[in-house]
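Just so it is clear, A, B, C and D label the chains in written order, and each chain counts residues from 1 on its own.
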Amino acid sequence: MSAPTEWQANISKAFSNRSFVIGLIITVLLGLMAALSFVWTPYAVGSFDILGKLKPPSPAHWLGTDHFGRDILSMIMVGSRNSIAVAFVSVVIGAGIGVPLGLWAAARGGIIDEALMRFNDLVFAFPALLSAVMITAVFGPGAINAIIAIGIFNIPVFARVARGAALSLWPREYILAAKAAGKSSLLITVEHILPNMMNILVVQGTIQFSLGILAEAGLSYVGLGSQPPMPSWGRMLFEAQTMIGMAPHMALYPGLAIVITVLGLNLLGDGLRDVLDPKMRRERS
Amino acid sequence: MLNYVSKRILIGILTLLAASIVVFIVLEIVPGDPARLMLGMNATEDAVRALQQQMGLDQPLLVRYFSWIGGLLTGDFGKSYTYSVPVLNLISERVAVSLPLALISLFLSTIIAIPVGLFSASRRGTMADSGTMAIAQVGVAIPNFWFALLLVYVFAVSLRLVPAGGFPGWNAGIWAGFKSLILPSIALGLPQAAILARVTRSALLDVLGEDYIRTARAKGLTRRKVLYRHALRNALIPVLTILGLQFAFLLAGTIIIENVFYLPGLGRLVFQAITQRDLIVVEGVVMLLVATVILVNLLVDLSYALVDPRLRGRP
Amino acid sequence: MNTFWKSALAASALVLLSATASLAAKTDLVLGVVLEPPHLDPTAGAATAIGEVVYANVFEGLTRINAKGEVLPALAESWTVSEDGKVYTFKLHKDVKFHDGTAFDAQDVKFSLDRARDDKSVNPQKPLFAAIDTVEVVDPLTVKVTLKQPNGDFLYNMGWAAAVIVAPESADTNKEKPIGTGPFKFDTWAKGSQIVISRNPAYWGTPVALDKATFRIIPDPAAATAALLAGDVQAFPVFPSYEAVPQFQADPRFKVVIGTTEGETVLGMNNQKPPFDNLKVRQAIGHAIDRKTLIDGAMFGLGTPIGSFFPPHHPAYIDLTAESAYDPALSKKLLAEAGHPNGFKTTLKLPPPVYARRGGEIIAAELREIGVEAEIIPVEWAQWLEQVFKGRDYDMTIVSHTEPNDLNIFARDNYYFNYTSPAFREVIKQIEATSDTAKRTQLYQQAQKILAADAPVAFLFQLPKTGIWDAKVEGLWENGPIPANDLTAVKWAE
Amino acid sequence: MNLLEISKLTLRSGAFEALKGIDLSVRTGEIRALVGESGSGKSMTALSIMKLLPGGARTGGHIRFDGKDLLTASEAEMCRLRGNEIGMVFQEPMTALNPVKTIGEQVAEGIRLHTGATRAIAEEQTRAILDRVGLPPEKFPLSRYPHELSGGQRQRVVIAIACALKPRLLIADEPTTALDVVLQAQILDLLQSLVDEERMGLLLISHDLAVVAGMAHSITVLRHGEVMDTGETTQILSEQTHPYTRQLAQASMHVPERTPHHLVHTTPDGPLLAIRNLTRTYPGRRKGLFGRDPDFRAVDDVTFDIKPGQSTALVGRSGCGKSTLARMVLALDHPTDGQIHFAGRRIDKLAPDDLRPVRRNMQVVFQDPYGSFNPRHKAERLIAEPLYLLDRELSDGERRDRVHRALERVGIPRADKDKYPHEFSGGQRQRLAIARAIITEPKLIVADEPVSALDVSIRAQILDLFADLNDRLGIAYLFITHDLAVARAITDTVMVMSEGKIVERGKTEEILRQPLSEAGRALVRASPDLHKALARRITEQG
């Protein structure tokens, strides 16, 4: 992707960046936890033990059990898959559609650019959570629709970032040189523009990923995210809400899981930004 | 300047129009018949049909769209299917809760975040800076509904300092109303403050690297004076952008918080209206929120020009 | 953390105790209700939330149903029934006035009943009035109602919220500003927040003890718990959070009353859609469900198991749960006999209430044990009505049938179960035409047995009425024979 | 006693030693030039005096101002000195002013801070000083914002800020590098007269000896953080005892050797490039819903020819339209009107695909050696990019041969083809840019300010390379520059451009010796010239 020497420099810079290291450790642990949950969890998440419900943390159940007697640690482990999958796919959707749109608008300018900007205005004019509620009201709740709802809002974010970065690259002299070498806009975009904005896209992707985790938790919390029997952190919180008086651990641990995950991703994003692109300003709401 | 404003207003109106079409179409395909929902499981088919007729649901799509749009233009948002009162009345009752909530949260977020951002930026690299930013970093990661949950149980149920939720109405007195908005405002405002403090700090740090800061220092200004007189105003543009986004978020994104605190606000109205298929209410509220977002964006753009004279002459 | 919460709760309890101790007998009451009524006209909307506010408080019918589910006189002080059971002559109370001052007389009764039967009627319970042939005003205080055929349930039906008497002057505005004849009159309604009613000083009957009653709308179970604990509401007649009940039971400040309702909760199956058209499959599903686990897990132990479609508090009830006792081995055998030795895949559409969503999770897990993979599809009520109830596009669903006296739904054409049993229909027909109690009891039991044997649905449990209120509040209904919060006898103890 | 006395100043930032024991002094009323190429530590010296160094830099030695050691002075003492006793002017006028404050506020701020004057009095003084620096209040009210001023005007505001309180020492850090030659001369004149009037000491920092030769009393030459040479201007420049000083001086006056027969490539086929009535207008700014500012004619009815092998300079002040013209020639911008013929073929209306053979014969070299390469590609790929224009795809071997040949021609070792751009120095990068331009063996190279971002010694080498390629390969040049020294060095003919029009053209030597147009005269007069400056100083001193 970039010069080996630049790579090496970046890597050593990265590993001396505290945010990056902490963020990376948390993110890697999260990934490992999700991967582990495919082959092993302390208890099966589908097994109910009504008699052993609402038990506080103990050696048998490190994080206690929920209202159906399920092991909360196992639920959190399996739930991480759901959070990661929803957030990741919605970033892929957002970047996959938004980046080409932004690049196209920047390359063509004029009416195409104006149209994209107006489209962005339109999407941004809809408060995100409200629209997610509307989308799930139409298509029904579920992980897939949550992905679509979150992904749609990632599109203009990536389109705007890609467009902005591309617009700042187009007047560069090496782009002019490539034009003088007779290359088409498409070829220039692929060869010169896109590789030179990967840093920004990676950082933005990390940010949207962490926002996606939060958004998924919010949607699940209001019952519009992924559905049982698939565990999800947001729904665990929703279920815990009425039992917080007798089983506070049910609310505590899934909440902490969200906080730590988002924190880890944000730290990773901050670190990446510091390492890759010290000038980039962070865009988020 | 005037031209710029008129262009922005025109774009805003077009966006609003496009939004109305999107909203109308989306809600058209929402499954579920409001008439049947109102009459329930024992209702006969002709009772359902009679109610559909009463509510005007039997009209063709285009007719309904234009009568709705025409109504909006004349300030008539239609009549709620379920409450059978004018939508505008419903909305204005709810705005009286949501708007103060959003404003208090925004106020909280701003008065916490900007001083914290200034404090941190002026002590860049110190323990105080990294400590503050670590807290802010955690604040950004906390889902506000979880935070709300913790607040309710600590401050309302345990310490009984404020009501656990509900809204007595402004008729019960300004203080009583305000008291029931305290916790929701904190739950909404603090995570936003964390974001805003980070933005403020990084905007300030960006500005502090500019050449004109060095010019000001070369004049003999102290670091502190440079921070307040030169850096702060230049850092306001990103801060204003975030503030604008936050206002929209706070006004509309309160669905969850309003549920936790059972506040009768716009968010809960629209959520409830969606589940009850009170589409005309949903359409009205969404259009209002979209219009608000557009208006706030316009105001933010105009305030850029107040802050930055370079934008005043923009075509 | 755990101990922190406990001590926090204990501390709050102490504060509450000291706060309430000094109060003298009050004459106002704040009740929590989960759902906000869409409007306040029970003759134009099915939402139970309407009746929960206005029934017996603001509006009254010819008859009324009391806490035990018995029919009592209301606006009709007495009545006579003709020999053939077809003509009912009601004698009305005199000097009754609507809240707007207009007088109540036989014309209002005729107007109300005719309006409900009309072609243009949007009455949610139109079938209740289907039996009526004519309504005649004999004199201002006498009304004669002639039925098409005898109907044993007629007096009971006239006690429903949808059959309350309204005045022609105010019928069109009742949704917003209900005008009835009841002991309370409507005051204010802050949408999304609360509805206030206050004592009607001109009431014709026994005056009520309360000056004012506020129905505060609290949809969120956690918020309901907090509001009760904080004293913001003093009574929650149908408390939405089963899991919080033990907490209140342990708290001497509160009275917890677990009553019964008319809500038979069933796992509905589409009897015409394979594989549910096969009796053995339906039976297999019934035997796969452990009602005790279900009630413990989804309802926190609240609720009575049922083996057929009949409320356990009814004198004619017979316990048929043994017919579909929990026996997964038998389930698997039945499935194999039905040609599904490895089970099958199906769907389970769940409406919003917690009994359905939580119960659905448990049932899906239990069905997995016998090889049936049920995909959970949560739906809103509007979708449920559209897809399941009207469209009959579903495999399985869970819903509680809360209408009183609704055994006859299994005899209806095109009802969403798609269950057709000529034998059962015949029994229902006989019940409707019978007034004799002993005979009716026998028929009811016969009907219960047919249903238990045919297993058109899996019978789960009777929905409990979890009432929680301040220990000093007296007179609230313990059971819920119909959805109502009758405040006529409610008062604060000295 | 010297006003400023720097002794053994060291500066390190981490492991890097930026200054290695600098000695330097400025007397009251003296103009001391501090000259060095990029990275020599001249700006660091200035910032050390102001104590405005970036965080993490550690200083040693002494900086005495008026006898007081600044390195040990407290921050409060420094705040009292800055702007009051010591003023500073920076290199980049476009960013040196706060965009959200009026120029009045920014000038008055220092005055009020140090004198405690009331707002009214401070504004009075502000008007006076702005008037003095050439911004009369009637034309430039205090309420102007920086963005409403041009670069030269902004630099005047910066000077006003620095001189508002008549400091005893003024530090000017490359105050004219970002400006064109005419502005440069004006700003230097202004600085000189201010310093003379108030008897300030001036520390004038520059990378170009020719710029300072005309006004500095004494010169200190800096290289790699060490003082190479120091002394009186006339003496230093006339004797040139130190080899580095000599090197700088020669580079500044360098004229490449060119063989006189370079026009032999002329063919009877007519001109290689023929421009006819070329015009480019930009629509005026929209004012109201229907109103617009008048259209702006960036290039206005330009006609000229370039013969094969001919090297032509297009000179003019910044904003005169020369870059727009170049972009149209390169078909990177479309003319509003007029025609462009290349090798006898009209090219201004060609479709992108039909342009390929044209582009193959017409390549470009840009100004900025840092921005002209994609940082993610290796040198080989970068240089080979124009081969895309060939009609047939080359084999890997052919491609490599071409790359090797191009690298050889610009004097870069073959092995370097596997390096990334950031691994090359500025001068090497400009060589790469030239290699890229010649790889298709074009007939014309358009070079847009190809040496103006380079240090003088590098600049000389690159000019030599251009001259050499012209000789050996017979490539014609269209050289865009504002620097007459460059034009003089390697072109045969010159066109002077002003406000979109070509106002004068002819043989390079003749025009530079005796310009006829107003624009040409201004350029020639303002152009720094070491020979002339030295001659004048020697006569002045008698």
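Just so we're on the same page, contacts are C-beta pairs under 8 Å (C-beta built on N, C-alpha and C of every residue); 3 or more make two chains touch, one makes a residue touch a chain.
Nothing here was measured: the structure is a model prediction, and the numbers come from that model.
Chemist: Which neighbours do chain B and chain D have in common?
Modeler: A
Chemist: In whole angstrom, how far does the Cα centroid of chain A sit from the Cα centroid of chain B?
Modeler: That pair's centroid distance is 22 Å.
Chemist: Using CA atom averages as chain centres, what separation in Å is found between chain A and chain C?
Modeler: Taking the mean C-alpha position of each chain, the two centres sit 45 Å apart.
Chemist: Measure off the straight-line distance from the CA centroid of chain C to the CA centroid of chain D, and report it in whole Å.
Modeler: 87
Chemist: Rounded to the nearest whole Å, what is the centre-to-centre distance of chain B and chain C, using the mean of the C-alpha atoms as each centre?
Modeler: The separation of the two C-alpha centroids amounts to 39 Å.
Chemist: Multi-chain contacts in chain B: which residues touch at least two other chains?
Modeler: In chain B, 31, 149, 153, 157, 259-260, 274-275 touch at least two other chains.
Chemist: For chain C, jot down the residues that touch at least 2 other chains.
Modeler: Residues 5, 9, 220, 222, 352, 380, 383.
Chemist: Would you mind listing the residues of chain D that make contact with two or more other chains?
Modeler: none
Chemist: Spell out all pairs of chains that touch, sorted by label.
Modeler: By the stated definition, chains touch in these pairs: A-B, A-C, A-D, B-C, B-D.
Chemist: Flag every residue of chain C that touches chain A in the complex, lowest number first.
Modeler: Contact set of chain C toward chain A: 1-2, 4-5, 9, 220-222, 225, 241, 243-244, 246-247, 293, 296-297, 352, 357-358, 360-362, 364-365, 368, 376-380, 383.
Chemist: Give every residue of chain A touching chain C within the complex, in rising order.
Modeler: Touching chain C: residues 46-48, 50-51, 53, 56, 67-69, 137, 140-141, 223, 227-229, 241-246, 248-249, 252 of chain A.
Chemist: Contact residues on chain A for chain D in the complex?
Modeler: Chain A reaches chain D through residues 1-3, 5-6, 172-174, 176-184, 191-192, 195-196.
Chemist: Quick one: which bits of chain C touch chain B in the complex? Just the residue numbers, please.
Modeler: Residues 5, 8-9, 11-12, 15, 36, 38-39, 45-47, 119-127, 175-176, 190-194, 216-220, 222-223, 226-227, 229-230, 232, 352, 380-383, 385-387, 389-390, 401, 403.
Chemist: In their complex, what parts of chain A are in touch with chain B?
Modeler: 118, 121-122, 124-130, 133-135, 137-138, 210, 214, 217-218, 221-222, 237, 241, 244-245, 248, 251, 255, 258-263, 266-267, 270, 281-282, 284-285
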